[in-house]
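Worksheet: the structure to be examined is printed underneath.
When the chains are written out, they are named A, B, C, D and E in that same order, and each has its own residue count from 1.
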Amino acid sequence: ASADTLRIGASPVPHAEILEQAKPILAEQGIDLEIIIFQDYILPNTALAGGDIDANYFQHVPYLTSVLAENPDFDFVNAGDVHIEPIGIYSRRFESLQDLPEGGRVILRDSVAEEGRILSIFQREGVVGLREGVAPVDIRISDIVDNPKNLTFLPDIEAALLPQVYFNDEADAVTINANYALGAGLDPVADPIAVESATDNPYANIITVRAGDETRPDIQALVEVLHSDAIRTFINENYKGAVIPVELQ
Amino acid sequence: MISISHVSKAFARRDGPVVALDDVSLHVAQGDIYGIIGYSGAGKSTLLRLMNGLEHPDQGTVTVADTLISAAPERALRAVRPKIGIIFQHFNLLWSRTVAGNIRLAMQIAGTPRAQIEARTAELIRLVGLEGRAVAYPSQLSGGQKQRVGIARALANNPDVLLCDEATSALDPETTDQILDLLAQINRDFGLTIALITHEMHVVRRICNHVAVMENGRIVEAGAVSDIFANPQSAVTRSLLRTLPDDSADAPNRLVLVYRGAVASEPLLAAAIQKHGLPVTIHGGRTNKLADGPLGELVISVDAAPEQIAAFVTDLNAAGIEVHDV
Amino acid sequence: MISISHVSKAFARRDGPVVALDDVSLHVAQGDIYGIIGYSGAGKSTLLRLMNGLEHPDQGTVTVADTLISAAPERALRAVRPKIGIIFQHFNLLWSRTVAGNIRLAMQIAGTPRAQIEARTAELIRLVGLEGRAVAYPSQLSGGQKQRVGIARALANNPDVLLCDEATSALDPETTDQILDLLAQINRDFGLTIALITHEMHVVRRICNHVAVMENGRIVEAGAVSDIFANPQSAVTRSLLRTLPDDSADAPNRLVLVYRGAVASEPLLAAAIQKHGLPVTIHGGRTNKLADGPLGELVISVDAAPEQIAAFVTDLNAAGIEVHDV
Amino acid sequence: MFETLLPRVDPARLWQATLDTLYMTAFAGVATMLLGLILGALLFLTSPGQLWANRVIYGVISVVVNIARAIPFIILLVLLIPFTKTVVGTILGTNAALPALIFGTAPFYARLVEIAFREVDRGVIEATRAMGGGLPTILLRVLIPESAPALISGLTVTLIALVSYTAMAGVIGAGGLGHYAYLEGFQRNNQQVTFAATGVILIIVFAIQLVGDRTTRRIDKR
Amino acid sequence: MFETLLPRVDPARLWQATLDTLYMTAFAGVATMLLGLILGALLFLTSPGQLWANRVIYGVISVVVNIARAIPFIILLVLLIPFTKTVVGTILGTNAALPALIFGTAPFYARLVEIAFREVDRGVIEATRAMGGGLPTILLRVLIPESAPALISGLTVTLIALVSYTAMAGVIGAGGLGHYAYLEGFQRNNQQVTFAATGVILIIVFAIQLVGDRTTRRIDKR
């Protein structure tokens, strides 16, 4: 039976929650899905490279690309896109990013993989200008070249605490990942003052496996289940637009 | 001043209780120097600790200076304790404080003004002979020096009552005498009441006016020192009395007769007295069984003309007795 | 057995060094019981601690049983130490072990077989009079009881050399005598060499054959006990000797004469001796200055017919002397 | 020097993180010491067989102390948000981290204080009582000075734990070296930052240890 | 009962988390105790003025101990990956968490052991040396028994710190109550899980404290 065990590393929310839905379905196919939760973005890839897990599910393609560039000994491939989590920007004081005052304070989560992603929203709204020629995933706050409002970006807060930060009105704007917004009773579609677009979003979260494993039947079964209607329905109903299943070609 | 009435006290132990005090009654009047003697483990320390409420009796009452110590709440005890000094058997000094610091503590607790504390501390250090060691820590002191710090500390607040648990056991005789003289003087001048545990009879003899003899948690004999010394009733007392040293060495115009070995047991002095017919006062003496045979010493004084004495001494010398003139 | 040669030792202190030992030399022969006396702080404990290497001299050498203790590495010291028992001034018992456990420790260190340990422990507990207290912890013992545990522990390994630092200072005279007799017996039977610090002259008198008198870190006098006692040279020694008690109370066929107050100073006995012409041996006696006046006691024996003695006693009684027949 | 040795470390940020760590450690350290002493003294005095022996008070303090020690830091942080908001005025930054840091480490020090007090010779406490000394005297003039070496060593241990504890305060933007090492070094796979930040942490830790050891040895007069 | 009182808590998962915590605490606890005793004894014996006084050894142990205490847990975890992989065979799960837990807490206990040993009466150590006792005797028959109350209390403190420390081991999938409370309770905003998991942590903590306190009092014969 152990031959049928598939060990997958995942971020806690929503990745692990989605996998939990897939677990009974895979069990019917004789695959025992073992979910290992990671809270950081380094160890899941370390564990994958070391063979401690068979796959992981926490990162998006731009992040994987930069990881592979930095770690030549990693040989990973994308076994399939699963979902997109559009990031929302919330404010208790203002209606839009353009309304943010001179010298306003913006709070970001402490995930370096998402800094560039969030700043891109500010660029899209015309509030800041970013350095040209830097890959989105590598953009840092230090890459802001044009900041007419003189906004301050504070990037150090644990993602799960951000709803509290918002409720306590600690800053002019707070970015909150949709799943945490949902957990805190916010509407991740209606409440934000700016949202990342769901279409053409390069930040689809993927199943990553060691090269060659993408053809393993159990991996393929997993991806298939994650793409199944049952899971798509679960995502849509449970996350109410905060997590969006990827479009299937 | 101190009234102990039908007090009993037992300590719980794995294999049953140890009775430390068994129906003990004792009365120490104001101004008394009351000795408590007895064998090791007789209950002396326990009795003393009842007198300032460090230990509470299972039965009976303890009254000190009109305070019912045995039933007083801690708050009431705190009020009377600065006036009840105690010298502990094991000193109980703070290792973190110097000699001066340890003495100061007692006065700081009593709320003595700072300037007064300094002066008194210096005075006490001098009294117990620790000049120049004021800044030494207990770990740098000899056993007797530690004990003297404990004595100074107990006297710091000019107490009305002083409890001494083997206060001089670690001291040489000279220092012991100095301390005892000091206590006797405070007793005379300020009416200090003292309860004093000791196993040394000469301490009792030197300063106590009353004494209680303890054995197995009971008081077997108590009363005025001269009565007890002259007429010991119990075996314990008699046995303890045998160790008394002699005071006569400081008698005036005295002769010291030393005789060794076989000479010691013969009635030579009596023979000489008979022969010369002199009025010889025998102040004291002792026969000591040394490892290499007996050694006798007698202290006498002779009220006679110098040439009479000289003849007497010559006869004694001829009989093998050394005579020292002091 | 123990050879100390030109040893000096100073302790560093905030305000300059304290010289604890200053050019001290001492020789203790195999089988000696060597007393060390002196005032508090004279350096006695420091000297003793050199003898088992707990302290190292600044200068000079210490040799015990052919081992150069003062320069031996810890490993070599470990080998000889089980045969050098020590009784500490402050006992140094383990609070976590019972009476029996503390005694056992010494034998466990020496590697004694378990069965033997049990038998010897029971024997030692009996020897020091702690029967029934084997399972008590030090915190449940009186001061003297703790000291006796320390004594038992030091004797556990049948040492060749025993170092005693005020080994009986917390003990009553009766227990002290028992312990001293025990030590003397071991000394006789097994040739145990003993170095013994005390401030009690009667301890020296009772068991020592040699004695050294210390003052301010120096040995001011040393030699055979009978020489020193008969002919003390230094002021310290004379002062210490004044405290010797009397051994005569156990003389056979004796009479005890007690006289109080004014009676004490008069030559009454001499007068009676002259009048009756009897061969009176004076074994000893003392004059004690009690708080309420002098109290004298003389121990004599009279080699005469009963009716002669009766007449003699009647005269003494008439002069105000109480006579006890023991 | 920095640029050549550790080109990927931003000295300004490292310096800021160092300041944050020092600030949090110092401030929370002082508060921990005071609160720990008070709680530890209460624990000691109310424990069975001691001067103030009181089952109820001992029980209550024990519960509070244990809860604060047992709860994961981030949950403690969240539980304290209302308190922090009221006292500090914000729930973000170094200041906002202080309540959780203090509540997290003070109970810990309290236990070390309790242990240290229990080692004080009973005879000495008894002597103080015999001189008429009440609780303030026993506490301030006897228990604390007599257990000072253990109190200082315990504080050294606590402060070092606190230094590594401040790393967790990073989750509310309190900065600090631990968080810097984690976020910039570990998360971004920038070994130079990890190395530099950890190095500075070690320097701080050694400084604390050194001062603690020296002080302990200096005041230990046994 | 569970279903009605705390319907949003999965008893099986809570139970599993409890087992994980107990397993990690027990295993790492025993190892911490042994390693801590050894390191603590070395620290004590080699420190200035003690039996084995040796600047170099003391310095080296002090450095190792301080490094392990000062580094943020996750970085310690990463640093230990090669070691863990070799010894445990995997870098994930409860077993993989043990090395980091032990390396994180043993130095801490070592310091408490050092402090406890320093409180042992010098006279007693001296007496043991005077009887010919060497290091093994002094350590096993004197230092440890005479400081046992402080050693046990210190172990209690360490074990409780360990319980809350296991929460951090969750980052490598080690499970445990703290991680469960954080992930399932806090992150998913499920107060019932936070409550239940924290409750179980408290029960464990109190059990440790109770046993520790009892033992301490029983063996303290002063």
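Here is the rule we use: contacts are C-beta pairs under 8 Å (C-beta built on N, C-alpha and C of every residue); 3 or more make two chains touch, one makes a residue touch a chain.
Given the structure is predicted, the values throughout are model-derived calculations rather than measurements.
Undergrad: Work out which chains are contact partners of both chain A and chain C.
TA: Looking at chain C and chain A together, the chains touching each of them are E.
Undergrad: Counting C-beta pairs in contact, which chain pair ranks first?
TA: Among the chain pairs, B-C has the highest number of C-beta contacts.
Undergrad: Tell me, please, which chain's centre (mean of its C-alpha atoms) is farthest from the centre of chain C?
TA: Following the centroid criterion, the farthest chain would be A.
Undergrad: With chain centres defined as C-alpha means, what is the inter-centre distance between chain C and chain D in Å?
TA: 55
Undergrad: Please tell me the distance, in whole Å, between the geometric centres of chain B and chain D computed from their C-alpha atoms.
TA: Using C-alpha averages as centres, the distance is 52 Å.
Undergrad: Any idea how many Å lie between the Cα centroids of chain A and chain B?
TA: Distance between chain centres: 88 Å.
Undergrad: Please set out, as single numbers or ranges, the residues of chain E touching at least two other chains.
TA: In chain E, 74, 78, 186, 222 touch at least two other chains.
Undergrad: At which residue positions does chain C touch at least two other chains?
TA: Only 90 qualify.
Undergrad: Identify all positions of chain A at which a residue touches two or more other chains, and write them in rising order.
TA: As it turns out, chain A has residues touching two or more other chains at 40, 42, 160.
Undergrad: Which chains are in touch, pair by pair?
TA: Every pair of chains in contact is listed here: A-D, A-E, B-C, B-D, C-E, D-E.
Undergrad: Per the contact definition, I'd like the list of chain C residues that touch chain B in the complex.
TA: 11, 13-15, 18, 33, 37-42, 44-45, 89-90, 135-136, 140-145, 147-148, 165-166, 169-176, 199-202, 205-209, 224-226, 229-230, 239-240, 242-249, 251, 258, 260, 265-267, 269-271, 273-274, 277-293, 295-296, 298, 303, 322
Undergrad: Quick check: in the complex, which residue numbers of chain A touch chain D?
TA: 40-42, 67, 70-71, 107, 110-112, 154, 156-158, 160-161, 164-165, 168, 170-171
Undergrad: Spell out the part of chain B that touches chain D in their complex, as residue ranges.
TA: 52, 54, 77-82, 84, 86, 88, 90, 92-97, 105-106, 108-110, 137-139, 153, 157
Undergrad: Please give the residue numbers of chain E that touch chain D in the complex, ascending.
TA: 47-49, 62-63, 66-67, 69-75, 78, 108, 111-112, 114-116, 118-119, 122, 149-150, 153-154, 156-157, 160-161, 163-164, 167, 178, 181-182, 185-186, 194, 198, 201-202, 204-206, 209, 213, 216-217, 220, 222
Undergrad: In their shared complex, at which residues does chain E touch chain A?
TA: Per the touch definition, chain E meets chain A at residues 74, 77-78, 81, 85, 90-93, 170-173, 179, 183, 186-189.
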